[in-house]
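Below you'll find the structure, written out as structure tokens, and then a few comments.
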Amino acid sequence: MSLTEAEHIFGGIHEDGLNDFLRAILTTRPHYLNYGSPGFVPATTVAATQMPTIPFPGVPGGIDWAVHLDIPVIDLHPKTLSLPPELSLGPGQVSVRTTVQLCFDCRRKPIKDEKPKNDREEPPRGEAKGPCFKVEVFAIGHLERTYSLDGDALVVVVDDVELVDIEPNELESVIECLLLQILRAVLADIRLPLRALRVDAFTLTLTRGPEVEDDQVKVYGNV
Amino acid sequence: MSEITIAIDENAADKVFDTAIGLIPTQSASGSGSLGPFVASYSASASFAPGDVDLIAPGTIRISDFILNWNLSFSFGIDLSDILPDFCIPQVCIDIPCVGEVCTPEICIDWPTVSIPVSFGDFLKATADFGIAITQTGGNWKVEALVLGVPSLQFGATTAALLAAIGMAITPVLLAVPFIGPFLAIVVNAILIGIGIAGITGFLGPILTPFVSGMRIEIYKQPVNFQVLSAAGPTDPAVFITLDAVNAFITSDTEDELVLTVDIS
Amino acid sequence: MINTNYFDSRALRFTDSYGQRFMRSGTYHYHLIPAGAREMVADRPFTIETVESPKEHTMDQHTVLVNHESHAFRPDKPKLKIRVGDLIMWSCRQQSVPPFEVVGDQEFFGSASLVNECGYAHAFSAAGEYSWVDIFGSGLSGVIRVHDPKCQNKDDLAKWRQMLKKGTLVMIADGKAKPAEVEIVIGQTVYFAVVKTDGISITDRRLVNDSTKKS
């Protein structure tokens, strides 16, 4: 069977290559994996993205928090990497595996009877320390075509997330809900240009794909 | 399995090579060569127009009937004394009435060496087999199609046309030579016979063949340090990957395809 | 077609000859100089000694071959003794010779102005129609039509070579050139014989038009 089939040009990237791309992007722009309020992230840089604190009445400056993700690893159908039994990798699907670290600043801030002088008192920047916890995250998703500054691109869309061994189950569900949103948002920002995925070989006007099979993302088209 | 695989069928290959051949810049060459019994110095230029692509596994690309457009400017010297016999206008005696006979001394002519400049252009169709060459130089990966062997070029009617052009170029140069008029047709004929079709072919072949045998068609060229994403602000620098290995070959399964594979890190 | 077959009796080249008869006894001095340099050269280093001849003497021709070397012109006979009525024909047959003139110490004696009992010969080297005039304004003029014999083979060439032995005479007398129009082939010679004038030239009309345009 030919590679191009009924089209005239074929491009295929193996999951190993996809992970190489992801690693390159996230190593160069780690701010996609590191988010935190000013206590953890004094300013947005290449390394981290500053987010607002979680405002809460009586907590001066709000609650400082931080999220760090390890570089996700993608597995294309058929399954190569193990998944928890709650998840299965079906045809056309991708699985994502990463480790998420969540941190909150728990310095005791005195709650005084008198009126606080300034409800918006800024917490000390970059000095927050934790506590933190890490959890391994498994997700199932699919690929969608999108656009980027560098032309047609692919993006991973997460459909379901599973954590392992967190109890009670309700806590697991809450954290899964939180991480599903975080992971979806993070991966939505990481757009893989199609021209880069075929390392700019030839020109390709896409007529079919992206399709996920044989551990590859496959696209088809005309020159 | 390679990390990245790109394949094009013959239909796409035809378009790819059409574009690639069109991008080959005009080539030029100069030197001297034998034009029959004469030595001619020349400057030549050539450009290409695409042909039809046939992919032949495992690594041959046959391009049929592509066009070589060529222009040639050359000049060659002719020592007319090699062609013409020694010539003298004899003593001329004239009878002047009431005076007598008056005679002028003979005039002997040294035939000069003349230089004939010729400009000519034409095209020819050629078919050649190309192999695939993969190189990494100057920080770039390159996949090129290079001609295999030395193609045999067929000049057809070009040789007669060039011989005629030489004939036309000779005449105005010779007419500047005193007393050449009566010899002109004989001289031009002698020169053209001396060169002949064989001389034209022998002259053109070594000039034009290297243009074809030296053809390099660029199929793929990218830097080893390949840019994935362009910079998008102070917190989003450009992102690069390394192209570790590039390979190219032709497969023939249900159809012939040119396949490019790339490993990255 | 580039036609370089200009001709001018004032500027002799390798296809030209100047003939002069000497009708009185005496010693005549002359020089061979670049054409047009007459006013710059006073020297007359070469001599012709003319002695009286007996009544029955017929004209003899003496041919002087001019050699050009190291920027100087020199006759092969720098001192010549002739009889009254004889003719001297000066020619230089070197193809590379620059235009020159014969300048004598008397008004009648010189190639730049043909006065009497003299002549100018020119062998035509290319086909065309050549109109000539007297540049000194006497009104004398004529036409030489030179044809290309278009030789295709050895026989044609042989016939043409025979024709070259035949010259054509144009007599200039009483202010007229006879014949005014001449038909010849490439390589043939026309001899302009001057009987008596105030001093004329045989000059290619194209040279006159060119100099007129320049002025």
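So that you can tell them apart, the chains are marked A, B and C in the order they are listed, and the count of residues begins at 1 in each.
As a convention for this text, contacts are C-beta pairs under 8 Å (C-beta built on N, C-alpha and C of every residue); 3 or more make two chains touch, one makes a residue touch a chain.
Bear in mind that the values here come from a model prediction, so they are computed numbers and not experimental data.
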Chain with minimal offset from the mean of all protein Cα atoms: B
Maximum centroid distance from chain A, chain identifier (CA atoms): C
Cα-centroid distance, chain A relative to chain C, in whole angstrom: 107
Chain centre separation (chain B, chain C; CA means) in Å: 54
Touching residues on chain B, where the partner in the complex is chain C: 89-97, 99-110, 172, 175-176, 178-186
Chain A to chain B touching residues, read off their complex: 1-4, 8-14, 16-17, 20-21, 24-25, 28-29, 31, 44-46, 49, 148-150, 192-193, 196-202, 215-216, 222-223
For the chain B and chain A complex, residues of the former touching the latter: 1-9, 11-12, 15-16, 220, 222, 226-230, 232, 234-241, 243, 251, 253-255, 257, 259-260, 262-265
Complex interface listing, chain C residues touching chain B: 1-5, 14-15, 17, 19, 21, 58-59, 61, 63, 65, 87, 89, 91, 93, 95, 117, 119, 121, 123, 125-127, 148-153, 156-157, 160-161, 164-169, 171, 185-189, 191, 193
